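In what follows, structures are represented as structure tokens.
Okay, so chain A shows up in both of these, paired with chain B first and chain C after.
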Partner chain A sequence: MAFTENNNGGRHKAPLELWIRATFLMLGSIIVTMLGLMFITFIIGRVMPIDPVLAIVGEQASKSTYDAAYEQLGLDRPIIVQFALYVWDVIHGDFGKSLLTARPVSQDIARVFPATLELATIGVFVGIVLGVPLGVIAAVKRGSWIDQVARVIALVGYSMPIFWLGLMGLLIFYGILGWVGGPGRVGIFYVDIVPSVTGMILIDSILDRNWLVFKDALSHIVLPASLLGYYSLAYISRMTRSFMLEQLSAEYITTARVKGMSESAVIWRHAFKNIRVQLITVIALSYANLLEGSVLTEIIFSWPGIGSYITTALLSADMSAVMGGTVVVGLIFILLNIFSDLLYKVFDPRAK
Partner chain B sequence: MTDIQTWRAWLLTDTPTSRRHAKLSAVYQGWLSFRGNTMAMVGLWILILLLLIAFAAPFIAPHDPFAQNLGNRLQPLWSDDHLLGTDSLGRDILSRLIYGARITLYIVGLVALIAPVTGLLVGTVAGYVGGWTDQVLMRITDIFLAFPRLVLALAFVAALGAGIENAVLAISLTAWPPYARIARAETLTIRSSDYISAIQLQGAGAMRIITKHIWPLCISSLIVRVTLDMAGIILAAAGLGFLGLGAQPPSPEWGAMISEGRRFILDHWWVATVPGMAIFTVSLAFNLLGDGLRDVLDPKDSEK
Partner chain C sequence: MNAFNRLLSTAAIGFAVGLSSIAAHAETPANMLVIASRIDDITTIDPAQSFEFAGSDVSRNVYNKLVNFDPLNLDAGYQPELAESWIVSEDGRTITFTMRDGIKFHSGNPVRAEDAEFSLRRVVTLNKTPSFILTQFGFTAENVGETIVAEGNTVRITTDKRYATSFVLNCLTATIGGIVDKEVVMANEEDGDLGNAWLATNSAGSGPYSLQGWKPNESVTLVSNSDYYGGAPAMERVIVRHVQESATQRLMLERGDIDVARNLNPEDIAGARKADGVVIDDELRGRLMYISVNQKHPVLSKPEVRQAIKYLVDYEGMQNSFLKGQYTIHQNFLPRTYLGAVDENPFSLNIEKAKALLASAGVGPFEIEVGVREAQERIEISQSLQNTFAQAGITVNITVGTAKAILGRYRARELDMYMGAWGPDYPDPHTNAGTFAYNPVNTDEAGATGLLAWRNAWDTGGLTAKVDAAVIEGDRDTRAKMYADIQAKFRDTAPFAVLFQKIEQTGRSEAVKNLNLGGAITAVSYWPVTK
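And then the complex of A and B:
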């Protein structure tokens, strides 16, 4: 179909070969970007108005204790050396120790990250399931009431402060109606009942066949996940609509219609098939945004994920935790972006 | 020009008599098409109203926004003398909202000045000079783009200390990279055009070409982008305020007001609800205005 033309146009290299070449090029850019990200985080950690040595040894420490700790932290060395050491540690999975929890930051992150992952995954799932069909219908029935509704949904989504919407959701569905669970991942009676295998409580409770916990966890996740879902729905439906409009105005669509193809085949087998790659890019972006953008949502819903972890650490000046958390979130963000870029380059013959 | 010709005809002429005439005519026609967009006009009116409210705050606010009255705390909506009720310290919520409009405009205005100008500088220099300057500048831009925005702003504010100016800096720091990208893309297309070669031959330096010939052409796409970003800026500022990292109490910043009302949300819902409505209204207005402006200034990007 749309691809055959380009294939005749002299595309000799196999997709796999292209993939490998692109991957190597990307790898260099990931490394540079990661180093930059770590450098910025590192600098922010250094200009923090709080003395990291005092935070460890306490206000009353003698001069010699202070100096010893100062040297132990490597603060007497040049800043570039300090940065290199930091990078070396991070490569080995060592983000230092959290002042707040007194545990290695890497362990803390491994503990809190599944909570964020669970929330964002359900959120983006809601966004795809509702957003893609909504966008397609809005494009096909352009100007109809459903197109208007889709427009309003997106507009409101772009304009609403997420933390406020979360509060209103809690007020209405938890406070007044009592339909859903309150803040937190599970009710107080269900904490730590199921053994943590994946760290994602819905999956853990299924593995444990503990349906009581599953039900409770579900009632807690439903509100924050729909909230995040709404935001990705706003974005995904808008993008789907404009991709579809672009395809539907193309000449091959007219040809297909002239040939007497049914309308649903034109829409799904022709137009939709050609926007799949773009759509995956948008979904990956929206997933990355949810993973990092859930900071405020996590705080409203007391969700023990990486967003609340970073924020709590920030407010108590726990810089190793902040730096570790930021680097991890940044890495995921970069990887998802690059993944969608790669996908685009390999599967869309026009983007060469 | 004869007397019969009205201003309108003069503005709508097909045969402009001078450069300024042509420019004014283009602006007027843009305005006419903008005016036809009802939603964009609604957005514009809301923002004009906001400006007036912020400007006239001392005259229209019924109470002192900082005056506490513990005997009168948490009054409901529509109570005597307090149209929108009072907060946990007995301060009039309506007056605080009115003064809060000033803070919102202050933040948005500063960010809308700092971020695009930074982006414009970086982007045009990278695009015009090219070579390794381009490589380095764009790599830096990519790094900032790769950073999760809110997390970067959070870390930045934490490092500099909480406060409204630092919040502005933090938001600008996360907001400039897209402008740099846009400005670079525009510069690349402009740079290869014939008239740039012509002025280069006439001996114009890089400085002159960038400031006099490239910047003016980048402005319109940047303005559209800024207007569309305004809503995001307001939401980011409110988010920082909500987390206690933006404007500090007793400042009537809207995000901070929500955070304050959060503690009473179940019993006294209006304390947190009302400022949220204000944030929503203003960012909605900016989105509507941005959509309208995009249709006028940048027709190729608007939905067909």
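And then the complex of A and C:
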């Protein structure tokens, strides 16, 4: 039954119906957002000063070859028809075929996305584990040397060009010290040794119980992941510090202290508890940024992730690949937002 | 990565290397060749479709052809490969190849004349981008049943008219000449595609290597063919790893994790040159840099102005500064190492001579627009031209644009001047002669956008007929002489100033011997390599 009587004799909606309604609203917003994203990407792809036909036939092709390829790509049809056909294909899981790889875009994304997911997850983990405590301590010890050190760490993280830091990291830890593996996901001797189950080599090597490959993959991922983690750390620690400062100056904290509560309980049980919701947003944003793929990090470390995939496709006018990649990245943003919303409900009673 | 970033990263690495040298911590196995290269241009491995550099590198090592170049003696020209001999009919239209006995594909199937027939017919029928290399001889999907025919141990090809035998055979050395295993390919056919989709990512050849795997933007792995008719290659595995960044390639080379680095920029070349155990090779490639002026322009169409422009280029200044090590001066449309190539470079920067030529044409100061694509070295060349042209009273306005924008205007014959590059399509002189010096119908309606002479509205002053004559000349030496003569006239009269030829600089471990990148005419060969 859709309606129940409340104590006042009025009718209000049952929890099941509320849930169904919320689910439909959420799905509706996902569909509208995805359609909007696809439409904008599609239009940008069409108005950009790059020529997908030239990318196929080459600049030395004759006019008849050019025209044939133009028609083959369906570019002679009205743009709205082209878009409708594209959406129809995407609904059926067909992002088209990449010009660059001669493979279906969905297959390419299934190959490159796990590489980015693996890197970004470790990166954001490093950022959280180091960044949150650093931000909390910096706020609690405001103005102390720890705060100054945290500020410098964050400043360097914000301001140093990532390619430079990456190359320096490679030079020192790989080139000179030999502590980490070089560019690529694994050394040449370990390529294709473990069967690809998830596409994430660390997990696949664990599943295969191949510890040599695991160790080699770990030695390859540690440097780029630390680099990305450092950038997350810079952002997360500064935001944590700022949130904490706001809470620590609130009256309820003073009250807690006056009541004789221990300082650690004041910080972690009161102040920190109240910044969790804000931190979730910051961490989700940071993770989403890393999942987009850090193009320069991927280039320097020869990491075949989604960032370099989309960039290479864009520079080569491979619009099927660009749009497929963009749709996936857009979907990730939306899913992370939904996940953040769900976590709000866990951590914030008002959102329940 | 832009020029500033590139400089910064190189400077940083150079500084750090100065403080602490990179020890060679690792070494690749003696039977394995590991190469760092940019392989993101590979779109397919199918020899009927592959038309990019990295794809050609794979194809040359995986597929044999009827005739091919010997990597240890490229100057000798095409040599017998799957065809042990051939005869040419009296009318010069039919070449009959006799197949070499006892050669097997990687599958174990014998290489037959039927496979050669299938492979060549397949190129024509599929009609992919590089198919013009064969279809220019009059082969069509409709007539291949009669024009490309296997009989017993021979395969016969009949062209639509007489062509120089060297022209036809040179074209068969291109990637599209790769002979595929008919049985394997047809077993993997989908929707009548003659195995095109399958061959995009798999191989079915008889060459010294077979393709083990191609991961786009990641790696290409080749394994040696122990039954190769020329003997099993010393390198049992070849791994080409996609490494985009020059500085990263250099680090890997100096550390011994790779044997060859193919995309080092000038700064990293200079740095790697000082490293222990690293050798830098210079090899001429086919790419040319040139400028051309539109003959619809009332001033630029004057013969003296065309001449003057060639004296307004600071060839040496550019070669010795921002193009150092990357390009060498070359003023002819055939790249060095091509049949008929010449070394004469008569022009140098001479402002006074250019002024005199302009004065003799009755031309005062004027203004032109040069179109250039947004590539660093092309923009720098255009800026140099802007400077030297100004000294003779010619104001050059540089329009930088995307390939679509600039090429679109160039193809529509709208640009006053174009600054660009040209790479040969196949290893025969006609590939460049047939575009720089060939334009049978010089009208807008002809729409011959593939011809550079047409794009510049140049009627070639009689060179079109000479190109037609050279392409049917049967004697190879006479033919070479004809191209030399065409280029001599071209240099003097054409609205083109060919400026530079590309040099590819490669960093190599000194342990690696006999690595040949293929010069201007072909692709890299891994099978002669030893360590």
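The working rule: the second predicted complex is superposed on the first by the 272 of 352 C-alpha atoms of A that agree within 3 Å, B and C clash if a C-alpha of one lies under 4 Å from a C-alpha of the other, contacts with A are read in each partner's own complex, and residues count from 1 in each chain.
To be clear about the criterion, a residue touches a chain if its C-beta (ideal position, glycine included) is under 8 Å from a C-beta of that chain, and two chains touch if they have at least 3 such contacts.
Since the model is a prediction, treat every value here as computed from it, not as a measurement.
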Considering only touches as defined above, state whether A:I299 meets chain B (first), chain C (second), both or neither. both
In the superposed arrangement, which partner chain does A:L171 touch: chain B (first), chain C (second), both, or neither? both
Pick one for A:L75: touches chain B only (first), chain C only (second), both, or neither. neither
Is A:P161 touching the first partner chain B, the second partner chain C, both, or neither of them? both
Should A:A102 be classified as contacting the first partner (chain B), the second (chain C), both, or neither? second
Touched partner set for A:M261, first chain B, second chain C, both or neither: neither
Of the partners chain B and chain C, which touch A:V47 in the superposed model: first, second, both, neither? first
Which parts of chain A are in contact with chain B and also with chain C? 49, 161, 163-164, 167-168, 170-171, 175, 296, 299
Tell me, which parts of chain B touch chain A in their complex? 139-140, 142-144, 146-152, 154-156, 158-161, 231, 235, 238-239, 242-244, 255, 258, 262, 265-266, 269, 272-273, 276, 279-280, 283-284, 286-288, 303-304
The chain A residues in contact with chain C across the complex are 49-51, 54, 56-63, 65-66, 98-103, 108, 111-112, 161, 163-164, 167-168, 170-172, 174-176, 178, 182-184, 187-188, 191-192, 296, 299-302, 304, 308-309, 312, 316
Quick check on the complex: what are the chain C residues that touch chain A? 1, 5, 8-9, 12-13, 16-17, 20, 22-23, 25, 28, 32, 34, 40, 43-44, 51, 129, 132, 197, 200-201, 213, 215-219, 221, 239, 241-245, 247-248, 251-252, 254-255, 257, 401-405, 407-408, 422, 425, 435, 447-450
Considering only the defined contacts, which chain A positions touch chain B in the complex? 29, 32-33, 36-37, 40-41, 44-45, 47-49, 155-156, 158-165, 167-168, 170-171, 175, 242, 245, 249, 292-293, 295-296, 299, 310-311, 314-315, 317, 322, 325-326, 329-330, 333-334, 337
